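Some structures to go through are shown next.
Presented sequentially are two complexes of chain A, the first with chain B as partner and the second with chain C.
Right, the complex of A and B next:
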């Protein structure tokens, strides 16, 4: 029998893997993809709990998370293109223009 | 039947975790992107198993379709290739320790908690008779109408912002 615990442990594992990726990778696009992985693991928790509790609200939340992720993808990638044009790199360690 | 379901769950979970691992370890960003698409497909399978077929369809269309195409498009545009330099070893160790601690903490918390009983009226029979898309539509256009309209404004702002940011001269 697949219980709610299975799904929540799986999404905890996926979330931690996304965290490792965000903290260790240097390519900004890969960091961005790891953030998407974290968002998706949260979506899995939402849908698992929504289905377990017999309530639709969690799935509506997932819908809005997807909307925000799409907006984030558009703006984030535009920022990366703008940054790449200025400094010929999308390495996160070069994102230090505000440092003094 | 139950055992077969559990076996299928573990199989898909294994593929999801393996491709998630590829996302964070592959040197070439394109390989990471393809692995991420695989993870999204696995999550869509889980949504179907959780009686949420509409969310599975949206997951594949929006994530595996739109967002990943956008990411791969930008990758091709910037033409970056594999990364050669890696972070300092202690930073990587710190990241693994932090994420591992977080995972252990969350899993312990999940294991300690008691599973509550069903509180809402929506079970698999209701979803099959009424339809999942209809249920989502009902909830979205009655209870969540204001957030729905705000999401449309957010998307508009994102479109305008992306165009302005990526334009060569404003």
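Right, the complex of A and C next:
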């Protein structure tokens, strides 16, 4: 029997994997994929809770998160292309012009 | 079915989102106008966006003392939202004023700049009037996504690219935390409505001590504190502020910061007031940490934009003091301070816009040597803005800090107020360094690089008048802020 606890633990694990990925990966696109993983783990949390509580709010929230994630992806990839055109790299380590 | 539609329509109430609706329509119309305009002609676009901001202001005015609830309690246009709406509109309008000549000088006369500013203002307004986690999240994203583009707006400039990409990656990262926090709060309370969350926690105090609820609260706070650039979530701010186009830096440090404060205060005072003992301590520590980090890291900066970025972090720390106090004086002090800060900070940035050369390599302490002699009037205007940022009377910055620290004292946070005042004293050093550079150093031989442009000049003059008005006669705006309490 799969209970709400299973879903919560699974999404917590996915969320932590995303967080660790953002902090450790070097390629900006992979970093962004890790952010998407975090957002999707949140979606999983919302859907599991929504079905557990018998309340639709969580599922509506998921639609908004998916829409926003799509908009963010469009803007983010455009920014990465602009960066790549000027620097020939998409490595997070190359974000080095602005430093104190 | 008929009945269902009727009830739904009654719940909608467009009056509650009228200002955002008007502004959103204007910004979409601007996109179309851009498409049919000659390349490089942006003056009329700037004019229309100013008109849009004024019309929006009028449509928001009718909701003062006449709160409108809309969309089944997802949005409310109360005095609090109207006050913040005006803060956003004013900072957007001042930004539009200084942008036109700047964009031409830097070689990017692109009209979409203005519609993006308007879109981010729409997002900020939705954030301030949202009374549901969903609405607040949507507003935050409309605001942020437009700002990511604006930060990286100068496509050919490596600095701007880097600023945009950094802001985007870290912003999306923090959104993840915010959403996870919202999900956990939803799981504990079973609702996303702020008022219902609040009543759930006050009806069952043991659920307010639930570790899941506390984790949700902390994660949600992280998301907002990131947007406000509260230490230790401030790392992105100096880099992004330095790399972005200067008018956008000015806008980011005023409008969006106020928006995040608006949503943060609404959530924590309406929904999570039962957990006040928990978040009070955390915010106390963060406020002190932020003031110290911002002020001490600003001391040694050479680049003026970067210095003002650190100062803006410190100012967020002062505003945080008002939220920790959480009483009438403290919270209305935060409202007042947000407005005051918009004026003084955007005024200072507008001077930077005027004195920068193409590429802005000269915006350093060395680069502005002697400019106070060569352009005495502009120097005085910048000095007034800087005095206000220091918090010297009679200026808006002084009265704002006065209200906030008075709130902290009233609520019994004596040490917090003392640390805040000491920090203001530290900040004197780096603001005075700017003045020393512009008044006590010899100017360059070939000093001929300041051309007054009408837009930026209007922006500076308006800001300075407002700073002096709010400093000499603070009671007018303060009584408005008092009426705008939640």
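As a working rule, the second predicted complex is superposed on the first by the 99 of 100 C-alpha atoms of A that agree within 3 Å, B and C clash if a C-alpha of one lies under 4 Å from a C-alpha of the other, contacts with A are read in each partner's own complex, and residues count from 1 in each chain.
Definition applied: a residue touches a chain if its C-beta (ideal position, glycine included) is under 8 Å from a C-beta of that chain, and two chains touch if they have at least 3 such contacts.
Source: prediction; values computed, not measured.
Trainee: Should A:95 be classified as contacting the first partner (chain B), the second (chain C), both, or neither?
Mentor: Second partner only, chain C.
Trainee: With both structures placed on chain A, which of the two partners, chain B or chain C, ends up touching more residues of chain A?
Mentor: B
Trainee: Looking at A:35, would you say it contacts chain B, chain C, both, or neither? Reply first, second, both or neither.
Mentor: second
Trainee: Output check: A:2 vs chain B and chain C. Expected answer is one of first, second, both, neither. What do you get?
Mentor: first
Trainee: Can you give me the overlap between the chain B contact set and the chain C contact set on chain A?
Mentor: Chain A residues touching both partners: 8, 15, 18-19, 32, 52-53, 55, 57, 60, 64, 68, 71-72, 75, 78-80, 82, 85.
Trainee: Mind listing the chain B positions that touch chain A in their complex?
Mentor: Touching chain A from chain B are residues 2, 5-6, 9, 13, 16-17, 20-21, 23-24, 29, 32-33, 36, 39-40, 43, 46-47, 49-52, 55, 58-59, 62-63, 66-67, 70-71, 74-75, 77-78, 80, 83, 85-87, 91-92, 94-96, 98-100, 102-103, 106-107, 110-111, 115-116, 118-123, 135-136, 139-140, 143-144, 147, 151, 154-155, 157-159, 161-163, 165-166, 168.
Trainee: Spell out the part of chain C that touches chain A in their complex, as residue ranges.
Mentor: 133-134, 137-138, 141, 145, 148-149, 152, 155-159, 161-166, 168-169, 172-173, 175-176, 179-180, 182-184, 186-187, 190-192, 238-240, 242-243, 297, 301, 306
Trainee: Can you list the residues on chain A that touch chain C in the complex?
Mentor: Interface residues on chain A, with respect to chain C: 8, 15, 18-19, 22, 28, 31-32, 35, 38-39, 41-42, 45-46, 49, 52-53, 55, 57-58, 60-61, 64-65, 68, 71-72, 75-76, 78-80, 82-83, 85-87, 92, 95, 97-100.
Trainee: Which of the residues in chain A come into contact with chain B in the complex?
Mentor: Touching chain B: residues 1-10, 12-21, 23-27, 29-30, 32-34, 36-37, 40, 43-44, 47-48, 50-57, 59-60, 62-64, 66-75, 77-82, 84-85, 90-91 of chain A.
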